[in-house]
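Below: the structure, in structure tokens.
Each chain carries a letter (A, B, C and D) given by its place in the written order, and its residues are counted from 1.
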Amino acid sequence: MRGLSVALVAPLSDADATVQSMEDASPAKWHLAHTTWFFETFVLRDFVAGYHRFDERFPFLFNSYYEAEGKRHSRARRGMVTRPTLDEVLAYRAHVDAGIVAALPRLPHEARELVRLGCHHEEQHQELLLTDILHLMSENPLEPAVWPGARKVPVEMPGPVGWIEHGGGVVEIGHDDPHFAFDSEGPRHKSLLTPHAIADRTVTNGEWAAFIADGGYAEPRHWLSDGWAWVKAEGITAPLYWEQHDGVWTRFGLDGRRAIDPAAPVTHVSLYEADAYATWAGARLPTEFEWEAAAASHDADGGNQLDTAGPVEPRPSLGGPAFFGDVWEWTGSAFRPYPGFRAIEGAVGEYNGKFMSGQFVLRGGSCATPRGHARASYRNFFYPHQRWQFTGVRLAKDL
Amino acid sequence: MRGLSVALVAPLSDADATVQSMEDASPAKWHLAHTTWFFETFVLRDFVAGYHRFDERFPFLFNSYYEAEGKRHSRARRGMVTRPTLDEVLAYRAHVDAGIVAALPRLPHEARELVRLGCHHEEQHQELLLTDILHLMSENPLEPAVWPGARKVPVEMPGPVGWIEHGGGVVEIGHDDPHFAFDSEGPRHKSLLTPHAIADRTVTNGEWAAFIADGGYAEPRHWLSDGWAWVKAEGITAPLYWEQHDGVWTRFGLDGRRAIDPAAPVTHVSLYEADAYATWAGARLPTEFEWEAAAASHDADGGNQLDTAGPVEPRPSLGGPAFFGDVWEWTGSAFRPYPGFRAIEGAVGEYNGKFMSGQFVLRGGSCATPRGHARASYRNFFYPHQRWQFTGVRLAKDL
Amino acid sequence: MRGLSVALVAPLSDADATVQSMEDASPAKWHLAHTTWFFETFVLRDFVAGYHRFDERFPFLFNSYYEAEGKRHSRARRGMVTRPTLDEVLAYRAHVDAGIVAALPRLPHEARELVRLGCHHEEQHQELLLTDILHLMSENPLEPAVWPGARKVPVEMPGPVGWIEHGGGVVEIGHDDPHFAFDSEGPRHKSLLTPHAIADRTVTNGEWAAFIADGGYAEPRHWLSDGWAWVKAEGITAPLYWEQHDGVWTRFGLDGRRAIDPAAPVTHVSLYEADAYATWAGARLPTEFEWEAAAASHDADGGNQLDTAGPVEPRPSLGGPAFFGDVWEWTGSAFRPYPGFRAIEGAVGEYNGKFMSGQFVLRGGSCATPRGHARASYRNFFYPHQRWQFTGVRLAKDL
Amino acid sequence: MRGLSVALVAPLSDADATVQSMEDASPAKWHLAHTTWFFETFVLRDFVAGYHRFDERFPFLFNSYYEAEGKRHSRARRGMVTRPTLDEVLAYRAHVDAGIVAALPRLPHEARELVRLGCHHEEQHQELLLTDILHLMSENPLEPAVWPGARKVPVEMPGPVGWIEHGGGVVEIGHDDPHFAFDSEGPRHKSLLTPHAIADRTVTNGEWAAFIADGGYAEPRHWLSDGWAWVKAEGITAPLYWEQHDGVWTRFGLDGRRAIDPAAPVTHVSLYEADAYATWAGARLPTEFEWEAAAASHDADGGNQLDTAGPVEPRPSLGGPAFFGDVWEWTGSAFRPYPGFRAIEGAVGEYNGKFMSGQFVLRGGSCATPRGHARASYRNFFYPHQRWQFTGVRLAKDL
């Protein structure tokens, strides 16, 4: 797991790894160091007697948002930290890795659980690493490719959406098996669904182009009020990274700028766009409970997910219903606690609970999600205007 | 109903009725005219042949947010409209009232439904009239009283909170009787509750003062992340309109500035503050479904609600469980559509659906809600930082 | 003098007199009260034993910027003060007028000088009253006229600009006669001019329309860098209050919206626009010293200035060189102190000196300047982007 | 000259050279490339037949503000350009240097003048390189030193200020000798001075600490109105880079954080601070004409200026009157054109003229000014709130 993070930054220069392209994103170097700080702080500092920090000044720089862990550098100024260099951060990683490896045999259960949490935490940052570096490169007028792109084999177009029907009734939602899960995925509880149908695939680039061509971004009736205000204020006319050149829609990706693939899932759309599309299409977004009920019987480790460093992107899905990989799917559910949810005591308890206002749940995992990280119960969450993640849309409708 | 609006502005000068104190609020004159425009447009224009508008320029000024009704004056600039004067707006009201009264006997059912909708719509604006004028007066360093205050009779303090337990299970939620309701209150549907308890009264000013004294506004661990950012950015240290003078907490109200009544429900708190208080108290906010299940058996027309123009404010509740009046109660539920919700076609369909992102549901009605307007199924909604309404807090907890 | 202020607000309602349309502007009521506060504070309070303030709360409301006079209401929130009403402010004026009249015979010289200063101070606010109410009405989509307009007699167009040449050399600049002047107009001192010519009239609306038609607002080379940034950020394409309807340029004035008069001086232009026009025209703005040297021999009480309340506006000037009235003329001189300038001790000393950064000098007086207020040495000053005053342009060139 | 630029960035990593710390500053890499673009564009492109640009995409990236040279990258986003790398930019420099060296023997006079302008232009950017990299390092919580600092030899304190008197009269101002000067330094012309005295040295850190200790930053009467607003809005309490640790004032410099040297000239103060200090001291700032008259007889190549790459900073001046080096001295003169000034035709003509609003003139050169770049007639200019340059204060007074 730790090796993948290093592999992901292999194509980056020290400068690439240092710059912060917007407040939502963090420098690659910061991701590498912050995930390391997590292990150093909650495992080595707390459970290994006599451990000396690699650098006493790093906690101030690399704490993200744990109020209980003291003062920290302003999120908006993370890109000012040209030093330590990328090489020094990699040395920091090696130092902490060696410390963990040496300590592991003797760590108590509680600490081993924190190591496990640290691994899942770092997997989340691996996805952010990819999306943040993509955003940075998109801000460079030269639009550099991070990796060369694979040659595209022309593919068959996916057929029309099929609808998976559900007759309603009580379902079990949330995590309950012995494997790892984040606190917000539980407690497992019953939820009552109404009769509905959910699409067997996500919306494609080609379908999205039709939405644009039909004036989708110009007709307020499709949009949530906040979404319409966002469209007007930001001048939104297409998904993030899309540009029209000589009548052809292109997108920017980790392999540079290319024509969109009409067969592939649309991505880099906000909840506002997802909701407007669904309204235009005479449908709606699924709730996170409908989604989980439908996805529970599918293989969470299947589909297009992150295996090795490279120019990941959503790919056309042609082999029947798939619920994992390619794009995170916006649901119509606000990110709120499940019945009986209670934040863990202590600093680690700041993990998810305090973000439970203003954000929407996304489900399923994307092409940038490390394979093995996704679960049917997994709840990702972002604000409704955010779209620099690999976010997409699955439709649902009432029966 | 129409007379109450006019009574509410009786103490206001033309200037009082014209100024807009913040973008969230509207001038009193605008409320009077906008509610009238609603009747004029959707009833007289659409159903009364030969009707001539009172003034062809008013739709531009007094449309609120109906995109389908064409261009409209910027919300932020409503306070610039010194003309028409308050007297002219009152004449506009009389003109439209006369038109409606004359037309009523011959109006088709659809139009009569719109008249009914217009009445409920205006009742909503009556509450806003009171809260907006209170906000305006609070911005005047002289802090004028709108009405003289009634002499306070010292009251008994309410006892400790009692907890109403619910064993969980399926309940029916939403509107279904033949009486009026807004579209967002339905469809009526089943919801599955988990075992919980809900407080039999709301949090008092005295209890809130204890929260402040315990450093509630200075300890990030109580707060949602967005809430803590809001506290820091805005310098929030107490409910809106509270000030400490010589160690005594005072509040500004429609009768001017006075000492807080420790026995009365706290009001003018945001969802962020409500949530932080609940966390501090070892409890949580109820969901809107828990609230509705508990409130359904209570009299929605009882309690401290708006009957006549005057200096309304929350009053101590001493007579057993009450769920209506005094303060709108923040729930932990995001304002999202019920299963099967579908917006009505046409301009009136913009009524509620498009606001279903980013806002939280409040329940119960307040001292400024016209009596008769509240229902157990009624869903009010505001953004989590807003607090110029009469908003308060009821606690809940898991069992 | 005091009567003219009251006459100027005669057409205003209480609401008209209360609203603040932008931070640069103040409510009419505020102007009436602030000028009164000046007399009350610096004369009655300081020189009349036993004087009781009309209202002890008014100094907080009506001090403008005198730091030495204590805390004061935020400039940006002046429009929140719906009470006191316009009538109460007029009563305040009457109270203070009576106090001054009663005290005048016994006032010491220093106090009489302050009365004189107060009169000149109020004349400045009379001009602001007119420009601020014009701005307020322009923000109302109904564009009400404050006064009915006079019928326009078609006029002859002014001929081409004539150039008044000056061979250069030392001139005397600044105030030195026994009549009143503001501190910034002195000390009188020598200034060395280079050979130049100054136009014998200001630029007309017709000439400005030619500048627009020639793409003047779209060509960055004409503009100061800060000016071009302002044009782009604000979307500026014409003078303030100009709109094109069916190909005809119109302007909004105190008599409502009308077609521009091509023969009249252009007004409501910023320094940036004035400078860009001059560059386009192959000329430059005069320095304030060149202007004063040219204007010194003309009658400062002549021309189109404010005599009585009404819809003042710049009028075509056909009778030979005129330097006073119609429009304030932007000079190319930054507002900085003259050699030997020293601010007066005490609160009144805050009058002009502290504004000597970032602003440009304007000369000559306008159609809204009370007749008798202008002088050849008079230095008005505004920021280079401001244009809600009656500001215009006179060209100059090097010889 | 070109070698010094490269030497200045020798201690920088690729990341150090890439990040932009604020909109006023530019990345080091950008300075290196922009100065090269100047030579490539105005000399090689325009005068060398068959020249091929090093990279056709660079003009978009490295044009600064020349509107006539086409579209360009947003100034605020210069820090997003992680590629080209520092090494690639150094290769760009080598390519253009080789082109210039090869072309030089055959270049026409006009092109040789542009080479000379390009050298002076690059010297300006060498100073910005140092001040921008200092600002970047100050934003890193680790406060890295760019160069190790030289050991401080304790020095004698400078004596009290001596005053150089001038009886007034006409002096010649501006450039007129055959050596290079920027357009804004001419035309040479006569200026009339009034009797005054000018200090024989600049204000020291020790004197500034006394100003702070006397409440200088807390007393509005010392400040220009815009300055006081800036102090309140930004929370200014000391020069930029000053911090008080255990009662000792320290400053951050190119050699890291150290205690201030009370004998050295104060630096990193704004015009607002300079003006407030002068007012507090009972003096004023000199005009740029007074300054030039006094400095004309001094050696512009003397004093503490930039000779080699290293941790430059102002040093105590003990050897009699000095007008050049150490710190740029704020004058009380707005940056406006001299009589007869006319911008050069063409893109190069955008050099200075368009910046002539809103800025103040500074004179004398600093420790970061390449020796040989300064002149008595040299007019530097910045906005009154800017202070990341090595800016200081010399007092003057009227006689």
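One rule holds in what follows: a residue touches a chain if its C-beta (ideal position, glycine included) is under 8 Å from a C-beta of that chain, and two chains touch if they have at least 3 such contacts.
Bear in mind the structure is a predicted one, so any value in this text is a computation, not a measurement.
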Partner chains that subunit C and subunit D have in common: none
Approximate Å spacing (C-alpha centroids) for the pair subunit B, subunit D: 58
Chain centre separation (subunit B, subunit C; CA means) in Å: 45
Distance between chain centroids, defined by C-alpha means - subunit A, subunit B (Å): 37
For subunit A, residues contacting two or more additional chains: none
Category of the chain touch graph - line, ring, star, complete, other: ring
All touching chain pairs, where touch follows the definition stated at the start: A-B, A-D, B-C, C-D
Residues of subunit A defined as touching subunit B within the complex: 65, 67-68, 170, 189-192, 194, 196, 220-221, 223-228, 271-272, 275, 284, 332-334, 336-337, 339-340, 350, 354-358, 360, 384, 398
Sites on subunit D touched by subunit A in the complex: 13-19, 21, 57, 60-61, 73, 77, 79-86, 136, 139-142, 144
